[in-house]
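Look at the two complexes coming up: subunit A is in both, with subunit B in one and subunit C in the other.
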Partner chain A sequence: MLLYILRRLLNVVVMLLVVATITFGIFFLVPLLQHTDPVMRYIGKNANPVAIAGIKVKLGLDKPVYEQFWLYLKGLVVGRDYANGNDVIHCPAPCFGISTQTQTPVWPTLLHDVTVTGSLAAGAAVLWLVFGVGTGVVSALRKRTAIDRVAMVTALAGVSLPVYFTGLAASALFVYNLGWLQPTNPDVTFTSDPGAWFQGMLLPWITLAFLFAATYARLTRATMLDVLGEDYIRTARAKGLPERTVIGKHAMRSTLTPIMTVFGMDLGGLLGGAILTENVFNLHGLGFDALNGITKNDLPMIMGVTLFAAFFIVMANLIVDLLYAVVDPRVRLA
Partner chain B sequence: MTDSQTSTTETTVGGTAPTSFLSVRDLRCHFPTDDGVVKSVDGISFELERGKTLGIVGESGSGKSVTSLSIMGLHRNVGKKNGPRMSGEIWLDGQELIGAGREEVRKLRGQKMAMIFQDPLTAMHPYYTVGQQIIEGYRQHNPQANKKAARDHAIQLLDRVGIPQPDKRVDQHPHEFSGGMRQRAMIAMALANNPSLLIADEPTTALDVTVQAQILDLIRDLQQEFGSSVIIITHDLGVVAELADDILVMYGGKCVEKGPADKIFSEPEHPYTWGLLGSMPRIDRELQERLVPVQGNPPSLINLPNGCAFHPRCPYADRTEGLSKTEVPRLTSVGQDHLAACHLPLEVRQQIFTEEIAPRL
Partner chain C sequence: MITRNKALAAVAVVGALALTTSACSSSKSTTGGGGNGGSTFNAAATSIVNPSTKPGGTLKLWSTQDVDSLDPAIGYYAFVWDLQRFYVRSLVGYPSKPGAAGLQLQPDLASAMPTVTNDGKTYTFKLKSGIKFSDGTPVTSKDIKYGIERVFAQDVLPNGPIYLISDLDEGQKYPGPYKDKDPQGLKSVQTPDDSTIVFNLQQANSDFLYHLAMGGASPIEQAKDDGANYAKHPLSTGPYVIENYVANKGFDMVRNKYWDKSTDSLHSALPDKITFTVTTNADDLDSRLLDGSIDVDAAQRGVQTAAQGKILTTPSLKADTVDAPAATIRYISIQTKVAPFDNVDCRKAVEYAISGTDQQTARGGKWAGQLATNMLPPAIPGSDNYDPYNLAAGQSQVTQAKAELAKCGKPNGFSTTIAARSTSPKDVKQAVAAQAALKAIGVTADIKQYDGSQSGSTVGSPDWMHSNSIGLNVFGWGSDYPTGSGMLSVLIDGRLISKSGNNNYSEINDPQINGWIDDAAKASDPATAAADYTKINHRVMDLALYFPGVVEQSLNYYNPRLTNVMFNQELGMLDFSALGTSDGK
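Up next, the complex of A and B:
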């Protein structure tokens, strides 16, 4: 088991190395091939040949590509100083590079913004698990009744409607028409004002949860119906167990296993940034950074978010696999 | 002990409690589907005394399993829209089950009546240990038993059904058991509360032949030890040959023949039973002939053939003067405690049997 975990962790490192290589390739090599100079993105209005040459040296862009890549990887592990004589930007490990917008290291921004994304994802996850799985179970148990049909049509709507529609519609209704909620203020944090933070997060949570709850309701319903047809459910009934034990224990345990897998992957993916939701509600999370980086051509920022997101997905994968072995005794990890 | 303990006379529906331990009267179980009503069980009656064994025999889709699930009250959504329609009476030890509340029947399940299922791999929950699954059923009906006592009981049961190292096996999951061991564990689970009625639905079908005999021996031993009544459901007359006191042959949801086991084997009165016997391999068969299959396929339970449901497959249907194509034959007495539903005149039937069938058996 320990050996398995170690092997998988090594796997994670390799995966991240691959992702780092590919992003590096795309974002640093492609501009070079297109003969657009990445230095121009840093320099701004004060461009003159001396300043350009200085920045080139400072960022290491004067070095060969393989050396740049090596410095980039090294910076991720031990940190890095971007220096041209006395002009030094210290970038501690893990160094994801210098943002072209702020001229400061990317990592502190990522670290701060992942908490925003994290709280968005966690709150939404609680909501979609409770309502999605709950709806799915009720739908399965009340198959082909009015409740089931209403739930499944709602779920279809949830899957089909994009966040930039539901989010904006919800904002328009609850914030601007009814005035029940204040617009989300990205500067309010949980520690600065918990009440305002909570009410600001409410709509983002619900919007994001609606999308996922819909998928989970459909998945839960389908899985539950499959499980209810299993022989061992009949055996549980034949033992004289009350229906709540048959459903709540025997059927739920089997139903939750595939849901756990999907949940792990979804949460891992979300932690890399909920681009649409964050931008609709002006939340400065990783998804916001990603879009911001793309629109402002901030390559180190985009690389940072990509690598960060990859890390979460690969880790989520590992955790799901480990949990699977705990939940299903037939699975042996080796 | 007299023969009347295994009475198989035709029973009529009435509201009064019968004297026998299990009495099924005119049981019907119909499933509405998009294509029509599936009459899985259409008027089955039988009696079973304490400590006796009844074998229900028939092809796939003849209604055997539906009958047993009806007794256990395991049909879902009975009487609801799209749910099965059930009628008739099932009396278990003086209590009527079809009209009884779901909660009442649930309390009897696993306690007074228990069931062994066909495929022990799919019939056990893959995520729980064998011990947990036995204990769960035991404590459901014995809430006063503490965990230690329940666990000891489970180990005892596993030991009794012949599982080696029961104190270790109790903590293993079903997938760690072999097929035969799994079925033994399934039997242990069914016996957890010492049920007076044990229904075994094709208990050996999923097992290989050598294990089949062991499991059947085990069921017989346990029956003698616990004094339970047993219903064995099978498509294989060989399975019930040694175990059953009485045999009920089902075809198309109806009973076509029933009677004491030795009568069914020595003097079968229905062409379908002849077919079943002819297609059964026997060690004591003298002639080295090929087995004779019953021609054709089981009928659709939505559109049963008119008249006798067996007539399209019956080689002797033309000797009934057309009756078998138009009229449903009634179960009529053909000997002591022996009934058969066939239009062939008794003399003709016995003549066919002695001249054509018996020499081949």
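Up next, the complex of A and C:
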């Protein structure tokens, strides 16, 4: 088990190294293909030669590409000082570079914003697991009844309607028309006003959960129906086990395995940035940073979000793989 | 997978839905909805709406654009200069007055306007007493000199206005205070005592006072200056101090306890607090504006299409809007170094061929800009109605255009390329409209889109322009200060053509224009300089160097609870520093 975990962690490091290499390559390749200079992204409308030279020295853009790549990798591990004379910007580890927009290190911004994305993803995940899996189980147990059909039609709607529609329509209805909820205010945090924060997060959670719960409901229903047809379920029932035990202990374990796989992927992806949800609801998380970076051509920010998202996805996969053994004893990790 | 454009389109559609439902709602907040009776459409363009001296409340500013920098030496966005009025003071400043009165510089940190001697080359200021930084340290003339010296440190503090370098370097090649070893520092600025500062120019410059009104000329306390990091925690000399700044998120401004109202006649400082919040959802921002939960769109780029429709069809909402022309022009430059535009008649064909109305439509219609007939917007002294190509008609004039083509020896047309920033969709639309208009006279134009953040090394590089055969370039320019020089000189002064970061896209280097620019700079009074720029502007149009396109304006809604609402002509937007709240909340 320990060897397996170490091997997987090594894979994580290699994977992140590959992603870092690709994103770094893009940083230089994009300007190269455009016949432009990366330093110009840090310069405003006064492309003063002194300013260009100074920024090149400070950011190390005057060095050979291989040396810049080494400094980039080193910065990821131990941090980096961007210095030109006594003008120093300290970029703490993991240093993803200096944002072309804010001229400040990317990492503190990501660290600050991951809490927003984390709270969005966690709240939504709780909702979609409870309602998605619950609805799927009920539908499977009541298949072809009115409950099943209503649940599956609702799930189909959830899968089909994109977040930017459900989010804005929900805002229009519940915030601006009925006035039941306050609009999400990025100035309000959990620590500054928990009540207002919770109220502001309700719609983003529900909107995001609606999308995912639908997928989970359909997946749970299908898997549960398959499992209920297995021999060991029939055997359990023939032994006279109570239905609650058959479903809760035996059927659910097998049903949860594929759901856990998908959940790990979804949660990892979401932590990398729920771009549409965050932008619809003005949440300043990693999705906001990603879109802002893309629209403003802020390559260091894009590189940072990409690496951060990759980290969450590979880590989520690792955790899911490890949890397989706990949920399903048939899985062996040797 | 959903493309970003499709996603944004859908956001806009559903945003319209949100706006519609919000406007129909009966549960509107007490501050939302129609005007408070004191306003009519565009009243703020020429007068003060809801005048009041009542203090208190929180002014809530939202923006889809973050500040470029809070460092007064770096900040260059117009709305950032507007925000600087809350925490930055210079020797001279603009008063909060509507119309042209707001363009007249007045003493701010200085006790009076300067004594100008030595044929207009020496400016001597005396400082007011009792001015302090927000840490309680008294402001001296040395702090002002240090602030100006920082502007020279372009390797550390790039991207801000650099007019003061041109004004004051005088061959010293001053490297800025971080690298300078000379105890005298910048030699053209002297501080004989703590309350006196003397500027010695090499030649008279009628724009110099406007350069001193910029944030780069504000005092900086050397002991608290940490170079590029200063932007995170700038000290204040104005009525508010900045707190809780987080890049791309926003910040708060609270009262500066060391600001003394008796020393400041330019800033009313009515709200107790100002909040600045960055958002990405422009439609949501509009919803909040119309709902009354926020006060002003700080970027002042105008409401989105969905909100515009609602506002223009609802008189009570329209009453609380302003839509006045800024000193910003959206033009198409015509490259004199790329054939066949090296021939003035070919350039004139472009002037006649392009439809001003189509250019206006491309930028959003009449609410987004008015037709320009020349390169000086109405707010700039020296502007007039000069219109040698009948651009006021707004139409393509095919007959005249073809006649000019015949004169330049290209009766059957030619091929060229139009450059436009891919990052500015309205620029691309302008290019498409120009392309269609030119096709009607037989000129085939390809459109080359480029990354706007790279303009310094693309269209700002004459070599790039030549190698890509760029004949026409869609771009815009806003005046940094209200004179013909501030508006035009960078666009047409041939001595400013540079290998990168060039703004003279037409590459005109005309001795007559250059001479008049020098005459205007030496002028002892603004009226003489304005007259010089009238001549310059006429010659620019006669040489067909730019198709002027539209003078930009934006339909901006403001919360009707606001007091002292007025349009600042210098910045081309509402004057934030004058605003107060009628409800004190």
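We take it that the second predicted complex is superposed on the first by the 331 of 334 C-alpha atoms of A that agree within 3 Å, B and C clash if a C-alpha of one lies under 4 Å from a C-alpha of the other, contacts with A are read in each partner's own complex, and residues count from 1 in each chain.
In the analysis below, a residue touches a chain if its C-beta (ideal position, glycine included) is under 8 Å from a C-beta of that chain, and two chains touch if they have at least 3 such contacts.
Computed from a prediction, not measured in an experiment: that's the story for all the values here.
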Practice prompt. In the superposition on subunit A, see if there is space for subunit B and subunit C together, and answer fit or clash.
Written response: fit
Item to complete: Have a look at where A:L241 lands relative to subunit B and subunit C in the superposition and call it first, second, both or neither.
Response: first
Worksheet entry | Superposed model, subunit A: greater residue contact from subunit B or subunit C | C
Practice prompt. Quick one: classify A:Y232 as touching subunit B (first), subunit C (second), both or neither.
Written response: first
Worksheet item: Regarding the shared-chain residue A:V280, is it in contact with subunit B (first), subunit C (second), both, or neither?
Response: second
Discussion item. With the superposition applied, I'd like the minimum CA-CA separation between subunit B and subunit C in Å.
Written reply: 38
Discussion item. For a test of understanding, state which residues of subunit B touch subunit A in their complex under the given definition.
Written reply: 72, 74, 82, 106-111, 114-115, 117, 119, 122-127, 129, 136-137, 140-141, 173, 175, 189, 192
Worksheet, complete the sentence: Residue positions on subunit A within touch of subunit C in the complex are 31, 34-37, 40-55, 57-58, 84-89, 99-104, 109, 112, 162, 164-165, 168-169, 171-173, 176-179, 183, 186-187, 276, 279-282, 284, 288-289, 291-292, 294-297
Practice prompt. State the interface residues of subunit C toward subunit A in the complex, per the touch definition above.
Written response: 2, 4, 7, 10-11, 14-15, 17-22, 24-25, 27, 66, 68-69, 76, 153-156, 158-162, 178-179, 227-229, 231-232, 246-250, 275, 277-281, 283-284, 287-288, 291, 293, 423, 450-451, 453-458, 460, 464, 498, 500-501, 503
Worksheet item: Considering the complex alone, what residue numbers of subunit A touch subunit B?
Response: 144, 230-232, 234-242, 245, 250, 253-254, 327-330
